[in-house]
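Below you'll find the structures, each written out as structure tokens.
Each of the next two complexes has chain A plus one more chain, namely chain B in the first and chain C in the second.
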Partner chain A sequence: MYLLKLAYRNFFRNTRRSIISGISVAIAITVIIFAQSYMRGVIENISENIVRLISGHIRITTKEYERRERMIPLSEALDLTPELYDELNHEEILMVSPRIKFGVLLGEEELNIPALGYAIDPDKETHISGLDKRIVEGSYLDASSNGAIIGNELAKRLDLGVGDTLTIITRTAYDSPTGINLLVKGIFSIGIGGMDRSVFYIPFNVGQKLLDLEGRATELVIIVKDPNKAINIAREIRLRGDYSIVPFQYNPILKYINTFSFVYSIFYAIILIVACSTIANTMIMVVFERTKEIGMMKAMGLNNLSVVGLLTLEAGIIGFVGSSLGTVIGGILSYWLKYQGVDMSMMSSSTSADMPFGPIIYFSPTPMIIITGFLFGLLATIIVAFLPITRITKLEPAKALKTI
Partner chain B sequence: MITMIKKMKITVISKFLLALSSIISLSLAQTAEEIIERVDNNVVVKTTRYRAKMLISLGGKIREKEFIGYTRGKEYSYMEFVSPARDKGTRFLKIGDEMWMYIHAVEKSTKIAGHMLRQSMMGSDFSYDDVAENEKLQDLYEIEFIGIDSVEEKECYKLELTAKVPEVNYFFKKMWVDKKTYIPVKAELYAKSGKLMKEINITDFQKIGKRNYPTKIIMINKLRKDTFTELILEEIKLDIEIPSKVFTKAYLERK
Partner chain C sequence: MRVLNLAWRNVFRHRRRTIITAAAISVGLAVMIYMDTMMNGLDNLAAGNIINFETSHLEIFAKGYYREEGLFPLDTIIENPEFILQRIAKIKTIKGVTPRIKFQCRINNGIDELPVLGIGIDIEKESKVFETANTVVRGEYLKNPDDILIGKDLAKDMDLDVGSFLTIITRDRYGTYEAYDFTVSGLINTGHPLLDRNAALMHINIAQRLLSMYGITELCIKTRDDNKLVQLKNEIAGKIGKNFEVYTYKELNAGIFEISGMKRSGQFMLALVVVIIAAVGIINTMLMAVMERIPEIGMLKAMGFGNYNIVKMFIYEGGFIGIFGSLFGCFLGLLASFHLVYYGLDLSHMLENIDIIYPIKFIIKGEINYMIVLGVFIFGVVVSVIVTLWPVRKATKLEPVEALRHV
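Here is the complex of A and B:
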């Protein structure tokens, strides 16, 4: 207690230096909490977009389709048999929706605008992709009519508006040329560049007929009650046939982003080390400045442990104050941006359809991020300060008293 | 003295053999060109009108398509699908190196980009270029006589054709020409890289005038798995008058 009082008083002996050291720790902790909350927000945003727009919680395709997915091989579509739906009768599964993804070249005179078409069940998709809420002009798809909804950027490129005719010329699953004229019913804006620039949606039955895929779909999208159980549910699904059953957590983009998070951890560590070097520097100066004083304290009977303890407490106070300040600022900023969100549409407008990022990133701080941020700051300060402090133990009181 | 006579004999014999081999190779070269000329005389026509049945076998399942075709020289070609119902009204027009496709369902024609002409036509093993091809082989390839071989018990001339102009569908061909009919009963088609792309077998022909014209062609795309296409030509009319309007965009886009 006595040492704590002494350390507290010493904190104010060179207030400016203590404050500067504390602020550097505070800045580091603020950045770390802010960056971690942002990264978590990005991952959650991409996960949500993957679930909504790409794969649902679990996606089923044939293995061959998955293997050659980049080519969009319609010939490897799966058969929508009653047996398949029976096998997907799982108490945790809320919804199973078929989709057909197909590539086309669009254009008035020459087919030179590559685009991606999705044939979807309009009613089910309102619960999955929520496209009905993204319509900015016209209306949403209707299963009974030959209509299409197209991305706002694609509409601009094709010079199409609501009520115009979208001509689709593509190839069937058997590689024959095929085409259809569809009425543009609505224009959507998802805010993800790749989607708005190159995607259109048509009713599922229209897509099946167009692509000669009656009774078939390229993929089945599954929505489950608890997304956290998607991996286990995917393992539990038993299908007769060569199918690929992939939970959204195993999506290659998410795997890639998670790998990237590791790189970010290294970045956090570097920030912390830089900040702590200020503490180390402060403590080196303290040790040099107060060598005489420490020598006297030792001569008066204070043992090494107490001296080290005193100086460690001094560093600890700086770390505590800096970390607390950083935690409060980082926490407040992150929680504010959790509700406010950051509009990333400038950035997301240039992403591809394969990288569903944006348009608004909501930060995702957790108590764990806040607490670990604080503890990291405190511990790192103490550990870094400890090295110069241990020099004191080698100091002889008589020699120390003679230093100028 | 005897040794000298022996040496002279050997020299004379070797010179004779050399001259003989030159004569043989010269005569073979002529033969190769002659063979190809006779092949060209059979298959390259001024104009054609035909009805074709295309049986596309994919993974054991066979799909049948029918179309009517018109060809004039190497420049003009027109095809119109008449069955099945989903393909009815799909038309193709090729003028020189350009091709347009008309899809009845959208009532619109679109130009097929150059590289797409080498893609599968209507899901078959034939490309658009394969079907529209009507150019003399001797104008496109250097021909080399390889020897005599037999295909399906038919005695054939085996030839190797290497492209001498860049505008060819296949850089290298191995061809087996029936000695009796001058029909190329089998051909292997290779890319410049040496990769085998396709194999053609002509299994039937019809005597039309002086020509032996192929009527049943089996194409196997070696780049696809478990597939082949049989093209059966019927109602063939050769060297007839075809109205010029057939080879126009207006005719292609007619309602």
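Here is the complex of A and C:
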């Protein structure tokens, strides 16, 4: 206990030096917590958009469809049999919604614009994609009438407004030409460039009729109670036939981003190392200027362990103060931006539909990020301080007392 | 000179401390240089792909054709390219001009269909502007009228190979559906995702027949001197009159270069944090230097050393640390950058099938901007000197008598 008291007093012997050393740790920890909360925010943002707009928590397609997905092969649609729904009767599954995705070239006369159509169940999708809340003009789809909702950028490109007619000409699942005229009921804006520029939605039954897919869908989107269990649930689902059952966590984009956030940890390490160099310097100084004092302590019977302990405690106090300060600042900033959000619409308006990156990023700090940030700062200081400190053990009391 | 000498000796009084302080600066600067090299590499690769395969340096359109990226209207086309060619024939900085027709279409292999960008090219003039002909990895370049070139990724996705038949379906200028059968004559591998995954190249006269039109959508111009692109653009614009418009490749891909700028500033901020932390380290070191030398400073003052000289001494000292740190930092940064320049960073396994908008793939090779390296070096030294000023202020306030008595 007296060691702690001594270390505490030593901290204030050269207050300014201690504070400056603490500050470099504080800056590093602030940045690390801030950056991690940001990265997590980005990943959550993309995950949420993938769940909402692309795959739900779990997506079921036929194996062949998945293999040739880029071509959107309608002929590989799955059959919506009662047995299939029976097999999907799992207590964790909240909702199963069929979708049909199809590609078309839209446009009046001189314009050809490739677009992606989704035939969806309007009522169920309000709980999945929440598209009804993204309507900026007109109204949302309803299952009973023929209508379409289209992205605002696409509407602009096609020069269409609410009440105009959208002409869709494409091919059915059996490759024969087909077409339909639909009233534009509403215009939506999701804030993701790729989607607003190229996507439109029509009611599920209209899509089935248009594409000759009665009783079929290209994909089944599943919403579960606990998204974290999606991987396990996907594994538990047993279907007869060649189906591909993929939880959203296996989405290639998310995998890519997770790799990317790993690259960032190298960066955190660099920041921490640079911050620790200040601590190392301070401890070298401390050891140097107190050689005499330590010699005296040793002469009075303090053993090596206690001397090391004393100096480690001193470094620990610097680390503790710096790390706490950094944690508080980083934490406050991150929690503030968690509620405030950062507008990234400049970035998101130019993203593709593959990388659904929403316009506003909400930072996502977790207790885990904050606690590990704090511990990293504390541990790193102690470890770095240790090297100069251990030199002290080699001092001979008599010689140490004689130094200037 | 005397002061400089003194400062030089002081730097080596605590060798270890100097080394650690300087090393912190080095790390910060090395990160800055490495990131700049990487971003230059990314930009160059992207710009190179765009210039060599997609738009060339400058493109001439009919007035009103270019509305936004990714839109290929057929109502406003260049009906008579000969008129423009004559007008710009005498401009010496133009290296080559070639006409192209770009149109949205669907490619059909008999089973599946995919939307792709159809590009009609003039095979004789094309090679003066674009590198396409040099990237054929299988089969051969366009020869017969019904030949088509596709990217090797597209071929893989659609199970096509040299000799395969495919159909291009589109709507012509008047909105009528048209289809035309082609034979794949060759596969190209350009490194530009648009061409490798999303495009099909055919003879320009076939494209004209397919779209029921005589003109072209654009004239692509390659320049000899890409530093004077804007002058050339203005020169051409002056000669061809009000019915046509000229755009540089940067204007046509503003989105990509904007993203790149944002990434650049984001990464620069991160590197800046490292430098700031390192600067705090310098403050700490200089503060220690001042504190431990209080009696010495008192003595210097008593001997007639003015405040001006004291400040100068410490600034030189901070400057030396800054120079050591910056030199080593530039060395480290360049070393890492050379690795990036000669070996590159292989991202192909990470990006496989993801559309990242940035027109690149495979391996990122860096490019070192030596002006930036110089700038970073100066920045490191200047920061070191500036942060020294604060701890040194204390030394100037010392009274010689009191300072001498200081323990």
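In this text, the second predicted complex is superposed on the first by the 384 of 404 C-alpha atoms of A that agree within 3 Å, B and C clash if a C-alpha of one lies under 4 Å from a C-alpha of the other, contacts with A are read in each partner's own complex, and residues count from 1 in each chain.
Note that a contact is a pair of C-beta atoms (placed from the backbone, for glycine too) under 8 Å apart; a residue touches a chain by one contact, two chains touch by 3 or more.
Quick caveat: nothing in here was measured; it's all calculated off a predicted structure.
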Should chain B and chain C be called a clash or a fit once both complexes are overlaid on chain A? clash
Is A:D212 contacted by the first partner chain B, the second partner chain C, both or neither? first
If we overlay the two complexes on their shared chain A, which of chain B and chain C does A:I257 touch? Say first, second, both or neither. neither
Touch test for A:I329: chain B only (first), chain C only (second), both, or neither? neither
With both complexes overlaid on chain A, does A:R68 touch chain B (first), chain C (second), both or neither? second
Classify the contacts of A:V308 with the two partner chains as first (chain B alone), second (chain C alone), both, or neither. neither
With both complexes superposed on chain A, which partner does A:T282 reach: first (chain B), second (chain C), both or neither? second
The chain contacting more residues of chain A, comparing chain B with chain C, is C
If we overlay the two complexes on their shared chain A, which of chain B and chain C does A:G179 touch? Say first, second, both or neither. first
Pick one for A:I23: touches chain B only (first), chain C only (second), both, or neither. second
Would you mind checking which of 147-155, 165-173 or 237-245 on chain C runs into chain B after superposing? 165-173
The shared contact residues of chain A with chain B and chain C are 107, 109-112, 169, 171
Any idea which chain C residues touch chain A in the complex? 14, 16-17, 20-21, 23-24, 27-28, 31, 68, 70-75, 103-106, 111-115, 157-158, 170-171, 173-175, 177, 255, 258-259, 262, 270, 273-274, 276-278, 280-281, 283-285, 287-288, 291-292, 350-357
Quick one: which bits of chain A touch chain B in the complex? Just the residue numbers, please. 107, 109-112, 167-169, 171-172, 174-181, 212
Looking at the complex, which residues from chain A come into contact with chain C? 14, 16-17, 20-21, 23-24, 27-28, 31, 35, 68, 70-73, 75, 103, 105, 107-114, 157, 169, 171, 197, 252-253, 256, 259, 267, 270-271, 273-275, 277-278, 280-282, 284-285, 288-289, 346-347, 350-352, 354-355
Within their complex, chain B touches chain A through residues 56, 58, 63, 65, 86-87, 90, 101, 103, 105-108, 110-111, 113, 120, 122-123
